[in-house]
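The structures considered in this document are given below.
Both of the next two complexes hold subunit A, though its partner changes from subunit B to subunit C.
Let's look at the complex of A and B:
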């Protein structure tokens, strides 16, 4: 092993293919998008170079600002509702006496199902006429409403399926993390008289920190990039209240033929994700140093 | 090894040139093309100078044409016609192989744009109703003018005026197929049950809405999630308040949109909203749900174009045989008349400027366009843009006959506004109509916002 690592040629040989693929499929498209974002271009004809005008327009665009706020709101919901809920489920599932595998598989099912299918499923749940939700509300004597069609409920109604879908994903990662904690520690705590809730808060969660950090990163970056489910559920409407930056970008590129402007949004999303990833790493590292 | 490969290639080139003319498909497509090319090169060397001989030869050379379209719904007659044309055309022209691919609506828009930008577009591609959808492709030089390639004999069979939608900057780019006309579709069963009368003017429409509502029906179905169904309503209401001539003038000079008659159209639309004419969940209902809902008997009226006939006349549909098609009600005392229509444009297929076999592609285009125009008409896909004398019309449904009769009364047509306005302005316009329907803006604000659009490139 050492011999291989000291051989520069071997290192090159192993690293080069990945580097090449990454360059061609990640770095080059980003650079090209960066160039497009400086053009006033419809995506078909000739573009004119306009410098950073797309970006200055972008920060003044109310529709874009709103979509950005939506995605940050969704990121907050993921971090403060979805992840704690996943953690709770993971702890519960790892503590059930029977059917542990069944529960972890059951919660994972929505992750496997295609987002488009989930979107149609929830559309039926939310449907104003015959939807499950309204039927349930009506049978309880409440008034039904058009959840995805009304501005005050559309955003939260579009977010819930997203949150719901990935609960199982984070639960699975956390569950695996919990399982890798040594039984000895837990048993020792139990002998010392710790209750299950004490074991969870004093032992499982602190030992799970590295895993939680992974989940936080994945969840945050995922939240900034959501597209598919919201596109199926509302398409960004009504009146753009459920729009997120990715949908804003898609609509500009393919519906309004603003290829340059859309590219500027894509560059913005990339920079935003990078910035958040670095921010998280700094926060986590500082925590580690404090310890 | 290399020598062997070379001899195989040369051998197959010889066989291919021997068989060319009578063969259907000798070798797999790729090999066939390569062989033909080598054969051709050898020939060119032999008969250097004899250009005439070569062109005669080239009409028999194997040609593969790719076509992309967006007819994917099983009830869509155009889907059946295109799929059948592959085999049929191959029998007529043994050297031509057609490869067709159907892609669903919204995805098609994305895919075709990417393909043209990447230089991987098919030889022939479908373009939504011409207009502002196809304009950027023509401006960018991606599509081929066909004036010099199309036969006069074919052009003579096109109905008068129908070529104008295929002509840009004086050059012909496509041939028309079938044309569409938007009209009001009424479920007679519900109208009878509610004691309502099929409306011919605005007051009758409001009266029908009231009666249908009282009888527990949703008077009008609206799929405003997709925004364009609502746009159709404004398109036609303004044709009644302002008249098509005023609309055309406003397309040329958008400041004319800021006029009482255009505000009045928005006001009329809001009148319907306030009367509770539309389904409560219109903002979350898509076009497809609206159409399926109407076919399933969830609403009494729908304002749409005649491409909905196959779906609502389908034997399995609850609406089958109960629907009547009428012209949109007139508004008394306003400029528009009942003979002014929305629609009249035709979908078309366009040839890639980089197509290697433009002659064959145009021949296929002539064949396909006429086929969709006549057989598609016969199957209820739309109204013909071609002289359809001698076409058996016994297969037409009552709706097809009714809408064809309405078309004959037409004195003026305006295409869907999102095809007349630029892509960017279309988005703004559709948003504005949605805001009107949600009572978020006043008719005056609407008219003023419309006056800020750019003039259309077509008027």
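Let's look at the complex of A and C:
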């Protein structure tokens, strides 16, 4: 057995293809991106090396700062509205005896549907003339409006489908976490006379902390990378009000051919994600030590 | 255990949960209904009800006039190839890392897992350039290769943790019976890791079937467009016919919904397993 398991040729055959694919199509591109980000380059001919000028321009670019603020706003909505709501749903669903599976299955449906479909569907919901939302509002006597087309409502209208789509995802993760908490603890508390809300706040939520950390990390990193739905819904418009960093990057690279500048944005997104992941780890670890 | 009496609290709880289930499902129900209507009905006659006469010709139009049939075929080809290649590469690497004896195995695993940290956006432009130098932009490979590359880290992770949970006796018995390493992998291990293969397949299916950013960047020829991009160009061309657009959106969604109906627990587990990787 030992001899079979240290067959060098087999190990090479098993691992090398994976490493090759990852190196050529993931690792090397990131390094190339880093190099491009130091160039002034329109994709044609050779770029000129300009050091970190793209980055210094970037932090002064109001349109970029605006896109960054949008993604942070989305992260905040996700952290302070979507996650608490998912947690509420998870706790409530774990409290019902009948229909537990049905509810989790139903909440999860939008997660598996393509963002393109979700995007066009919500475009129809928001449509100024015939949309579902405006039809409903008009039948209640209110005025409809072009939700995605007007500057004051476009951003929030573009964020809502995103939040809506992934509620069931976080809810399911939390629900699985709740189910893994020992029923004995909860039963004991119940016998001692604890109310359902006390059980939720004093037992379930504290024991759920590792899962909540996963959800916080996922939603924060997801928010920084948000792309698909915004791309389909508004493409960043009107007048850049719904732009997020990934859309900003995409437009600079593929519409304006600013290869260098766009690459600087992509490197910025990687660093931002790494920084936040790292920061969250430190915050969560410190909290644990305080106990 | 508590008795399950019908109390006002329970009724309210169920009403709330059922209401929210409707919030999550209703937009998709609405899509289903308008995919079978004409504009007169959608725009006022009958906004949310079931269609008065079921216009299946919307589906016929989407399928044959708007090329959705071609996009579907392309999506199937790309998705199946991605799943197949991902499973073979990931399972083999996971086996070598988890079971076989070599010095660099830990380092290699770390390198592979690092791939999970990389946002696909960051590789978009260099990949675009690499694929165009290889002359495979506008081919199925332009999607299959990146999908495999970015799916591998998670797949390797899922396979290694699954392998770690199964006992080694069967492999040892196989070795005693005179199997070589390839026979052990393909005859002994492959059937044992079926649950992990299912998880990885579902995970890979959902992500590559629905992927947009690579598809929109690397494919511009209609012959190779997958459903997500195809639908985008279809919506551009058919702006006024909501019914046909709805039918196109439904066709893109039906395969995932069918899989979900039959395997809902399994699909939920696969997608969550991908998230809670620690």
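Heads up, the rule we're going with is that the second predicted complex is superposed on the first by the 264 of 291 C-alpha atoms of A that agree within 3 Å, B and C clash if a C-alpha of one lies under 4 Å from a C-alpha of the other, contacts with A are read in each partner's own complex, and residues count from 1 in each chain.
By definition in this document, a contact is a pair of C-beta atoms (placed from the backbone, for glycine too) under 8 Å apart; a residue touches a chain by one contact, two chains touch by 3 or more.
Since this is a predicted model, take the numbers as computed values, not measurements.
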Message: I'd like to know which partner A:126 touches here: subunit B for first, subunit C for second, both or neither.
response: first
Message: I'd like to know which partner A:90 touches here: subunit B for first, subunit C for second, both or neither.
response: neither
Message: Looking at A:186 after the superposition, I want to know if it touches subunit B, subunit C, both of them or none. Which is it: first, second, both, neither?
response: neither
Message: Looking at A:105 after the superposition, I want to know if it touches subunit B, subunit C, both of them or none. Which is it: first, second, both, neither?
response: second
Message: Is A:39 touching anything from subunit B or subunit C once the two structures are fitted on A? First, second, both or neither.
response: neither
Task: For A:254, select first, second, both or neither according to whether it touches subunit B, subunit C, the two together, or no partner.
output: both
Message: In the overlaid three-chain picture, which partner chain does A:10 touch, first (subunit B) or second (subunit C), both, or neither?
response: second
- request: Classify the contacts of A:146 with the two partner chains as first (subunit B alone), second (subunit C alone), both, or neither.
  value: first
- request: Between subunit B and subunit C, point out the one touching more subunit A residues.
  value: C
Query: Which subunit A residues come up in both lists, the one for subunit B and the one for subunit C?
result: 129, 254
Subunit A to subunit B touching residues, read off their complex: 42-46, 123, 126-129, 146-150, 154, 234-235, 237-239, 251, 254-258
Contact footprint of subunit A on subunit C as seen in their complex: 2, 4, 10, 13-14, 16-18, 20-21, 23-25, 27-28, 30-31, 34, 42-44, 47-48, 89-90, 92-93, 95-97, 99-102, 108, 111-112, 115, 117-119, 121-127, 129-130, 145-146, 148-150, 152-153, 156, 171-172, 175, 180-182, 184-185, 206, 209-210, 212-213, 216-217, 227-228, 231-232, 235, 242, 245-246, 249, 252-253, 256-257, 260, 264-265, 267-268, 271-272, 275-276
Field: subunit B residues touching subunit A - in the complex, by the definition given at the top
entry: 109-110, 113, 116-117, 136-137, 139-140, 142, 224-227, 279-285, 298, 423-424, 427, 431, 434-435, 438, 440
Message: Can you tell me which positions in subunit A touch subunit C when the two form their complex?
response: 1-2, 4-8, 10-11, 13-15, 17-19, 21-22, 24-30, 32-33, 36, 89, 92-93, 95-99, 101-117, 120-122, 124-125, 129-130, 132, 135, 164, 167-169, 172-173, 176, 190, 211, 214, 218, 225, 227-228, 231-232, 246, 249-250, 253-254, 259, 262-263, 266-267, 269-270, 273-274, 277
